[in-house]
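Each of the next two complexes has chain A plus one more chain, namely chain B in the first and chain C in the second.
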Partner chain A sequence: MSVARLLVVGTWLQLKMRARSAFDGVLALVYPLFFATTVFLMFRQGGESGALVGAAVGASVMGVWSAVSTTASTSLQSERRQGTLELLVASPTHFPLIVVPITLSMAIIGLWSLVTTLLWGRLVFGIDVRIDDPAGFVAAALVTVLAIALVGYLLAVSAVRYRGAWAFGTALELPVWLICGFLVPLGQLPSWVRPISWLLPPTWGVSAVKHAAEGSSPWLDITVCVAVAACYAVLATAVCTRLLRSARAAATLSLT
Partner chain B sequence: MTTSLRIFFRGGLTSYRALFTWLSPWILIPTFIVEPVFQVLFFAAVGRTAGVNDNSFYLIGNAVQYAAIPCLFAMSNTIGGERYSQTLSLLLVSPARRTPLFLGRALPVIVNGFACSVVALAVGALALGVTLAPVTWLPLALVVAVCSFACTGLGLVTAGLALRVRETAVLANIVFGVLLIFCGTNVPLSALPGWMAAVGGWLPMTHGIAAARELAGGSRLSDVTGLIAQELGVGLLYIVIGLGLLAFFESESRRRATLEIA
Partner chain C sequence: MTVIEVTDLQRRYRSRSGVFKRTTRVVEAVRGIDFAVERGELFGLLGPNGAGKTTTIKMLITLLLPSGGAARVLGYDVVEDAREVRRRVGYVFGGDRGLYERLCALDNLRYFAELYAVAPREQAARIGELLELVGLKGHEHERVEGYSRGMRQRLHIARGLLHRPEVLFLDEPSIGIDPVGARELRATVAALVEGGTTVLLTTHYMFEADELCDRIAVIADGRIVAEGTPDELKAGSSAGQVVEVEVYGSAEFALDGLRALRGVTSVIVEVRDQAQVVVVRSGGVGDLTQHVLDALEGVNRGKVTARQPTLEDAYVELVAGA
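This part shows the complex of A and B:
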């Protein structure tokens, strides 16, 4: 029960802080809209209304990844810069339970971006996205948010010793958009890229969201997404434990 | 005169090295090589999915437009970085003439933007299998240089606004997004709504990207001199506006004592 409370309160606290940040809050909503608008204009130029609807769904999920990739990579460095990293590590709470709410709050802001992009497509471009399986769509969107938050958790703990972590996170934004099937079907990618895509939770999350919107069952994709994301959580926890032990032993926690 | 030249060259280079903190390979390679190449690949793939335009269209558009990243961010950092280092007031209390001071900071940025675009063009062409005839390389390089110049002019405008806007990274990202949509980077101006195409005509990159596409399509340099001249003109216009904004907001900041609280 205390773990659940910690996750909820931690996420809420982080969410309130990020919502007031111009970079994490406002830009996370606005920046994906520039890409979504470009994509909408490209598909409108193509003239196929069905493809435009599919693009709207795919583009809406882009913002979730966008909200996490850069900020998650640099999140622990931000704590270090604020002088709070040592306090968090020294607290009796298991450290991963402190990091996960940080990345979860970023992904939740991405969820706002998802809604905003769909509304933008509807109001500005007249794209009428009919969701054939609303319950499946909501479940797929929430699982995608959670999965991307857990990828962010791995990024956060892995990049803690990399001073230019934000550049690493920013550089991951477009490759993930490209190879996870947000807008480009996996079948169009070179065959050697597909196994990499399958190892990334957003691939399954995006597929689930698209299936739910089209009316086919999203549950297999949701299940695989949860399973792959759980692997990321386990891996991130192992990395986190090892790095913390190393930082304590070498007294390098506050050093970049 | 000698002092102004020294401020222009030495001051500009020192400022670039000190304030533009992206010069570590750990930041430079992901930002100036990985990102632009993936922007090219991403939009080329989306274009194929949407069934519009060819690889060459997206290669030229995105590789040239990506010069905006160093041009906008580095110029914003000339103010934001000084403020972060708490040296902005020292800079603005100095008797140095402002025109060489800020234009000197722009020169290394133009070179940076140029290099970033050229690398994206070369790597993107290899990745997409686009062949650019050797005879077009030099004219293309000229167009890219002019685009970097023009976009650095817009960067000066963002630097001026940075005297009033605290979040320079947010400002630069938003301007980058505007350029992505309005400059014909991925959607030809003819396919944009009329008002968007009209706005695009007044932005840097638009005419340069059009000129680069014509060169890649086999036109000669003499065929695109009009577009290059327009790009230069737009760049000069933004430089004048940028220097004007810097002067205006500097004077406002002094009058209202708001230099450090923007």
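This part shows the complex of A and C:
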């Protein structure tokens, strides 16, 4: 009960803070539309309508990933910079319960970005993502957003220990676009890249959403996506205690 | 009952620098200190910048692991029972960081009320009471980014008290706030102690420690160099005399001569208003003034004052000797 309350209050305040910053809030809301526009214009040149639907889905997930990967690791860095990270650690609440609301707020922003990208494609570019299996599509979209948020959770947790981890999260933003098959089909990548793709939940999420949009069954991909994402969550929670202890030993909770 | 018990506590930092040729520098911030604070006491840790005060506090509130020695707060080990310690202590530091700028005071307090598991039904009343206590009533809906330093400091205090901690750690709470604010702060702290809270306060202001603290430990370069009540510390310094001479232009060349005088324990140059003041402290008796003036032969000088040592002199001497 009090845990649920903590999560709700935490997520709400996180969203409030983001909404009040031009950089995190307003830009985060319009940014995905720039990706989407670029992608749509490029694919429209190609001419195939099937490819365009795939691009719409890919671009929408791209927006989710960008929002999450960059904020996940920078949010704890900014807590460190403003001196609140130490106050959070000094409180008796288990640290994962403090990080999860940050992640949830990112997932909510991600969901927004997914929906607006699809609407943008529909309204401005006339890309009609036909949804034969609405339940499957919604499930695939939600699971993808949540899975990406859980990857963000792992990134955020590592930022507690390593002052440089924020750069790592930002550096991951673009390679993942490529590796997870957001735009380029996985089959076109060198074969040694594929095992890496399989370890990343967005790969399965994007595949699930694409399947649902094309009318084939997304459920296998959804299941794998959930399983892989759950591993990230378990891993992050397991290393959290260790990383916190190590941060207390190495004095990295504060800037100086 | 002993509330804080520190035994041979140590902490060193390793910092790396250099990109190609990596060098590791080790800083011994706290070099084995011992002290104990009893329930209801206001204990002061007094020392100059870099003495190790913040490092000590951060070990006691479980933000830093000690490199050696041990500490217990309310009977709980700060390493083994960190959560038990966290539940029962409050932490407030000076300066204007440590707040969510984009949130209002109320939201800042609500968040920490959740983190400290203040019962939902009590939260509103407790927050209202604290806003009243620190004088922020009426400003609680304003965003912190518009707050003055003094208001931020008061909000910090409210935050630190949300869960009614048995022990409060205050790290240089009056830093950067105006004299009126600092006086109000001292009154608030005194009231808390009156109410039974045990307080450990760090400061580099002598008079603050003197006015507030029941007991003071003077810390310099990671070691405790003296401990006692303010009166005991003053008594330790009541012998001897101090001569202050205003000088204009360079007096550097004369300082070694002053240091060589018999009985002189410290010679420092302070800048006050327009002039530099050479402060000579001596443990001995006899006519210090005449000897000082002789040694300052050839220096362009102004007012000369001889006086009794104060607590401040005792402090300067302790720290200089470390």
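Observations on the model:
Rule of thumb we're sticking to: the second predicted complex is superposed on the first by the 242 of 256 C-alpha atoms of A that agree within 3 Å, B and C clash if a C-alpha of one lies under 4 Å from a C-alpha of the other, contacts with A are read in each partner's own complex, and residues count from 1 in each chain.
Keep this in mind: contacts are C-beta pairs under 8 Å (C-beta built on N, C-alpha and C of every residue); 3 or more make two chains touch, one makes a residue touch a chain.
Because the structure is predicted, anything quoted here is derived from the model rather than measured.
Touch criterion not met for A:135: it reaches neither chain B nor chain C. In the superposition on chain A, contact is made by A:92 with chain C only, not with chain B.
When the two complexes are overlaid on their common chain A, residue A:220 makes contact with neither chain B nor chain C.
When the shared chain is aligned, no partner comes close enough to touch A:124: not chain B, not chain C. In the superposition on chain A, the chain among chain B and chain C reaching more residues of chain A is B.
Touch criterion met: A:5 reaches chain C, while chain B stays clear of it.
Contacts of A:45 after superposition: chain B is touched, whereas chain C is not reached.
The residues of chain A lying in touch with chain C in their complex are 2, 5-6, 9-10, 13, 16-17, 20-21, 82-84, 86-93, 98, 245, 248-251, 253. Residue ranges on chain B touching chain A, taken from their complex, read 22, 24, 26-27, 30-31, 34-35, 38-39, 41-43, 45-52, 166-167, 169-170, 173-174, 176-178, 180-181, 185-188, 191-192. By the touch criterion given at the top, residues 22-23, 26-27, 30-31, 33-35, 37-39, 41-46, 48, 51, 55, 162-164, 167-168, 170-171, 173-175, 177-178, 183-185, 188-189 of chain A touch chain B in their complex.
The residues of chain C lying in touch with chain A in their complex are 13-14, 58, 61-65, 83, 86-87, 91, 93, 95, 97-103, 107, 110-112, 114-117, 120, 143, 159.
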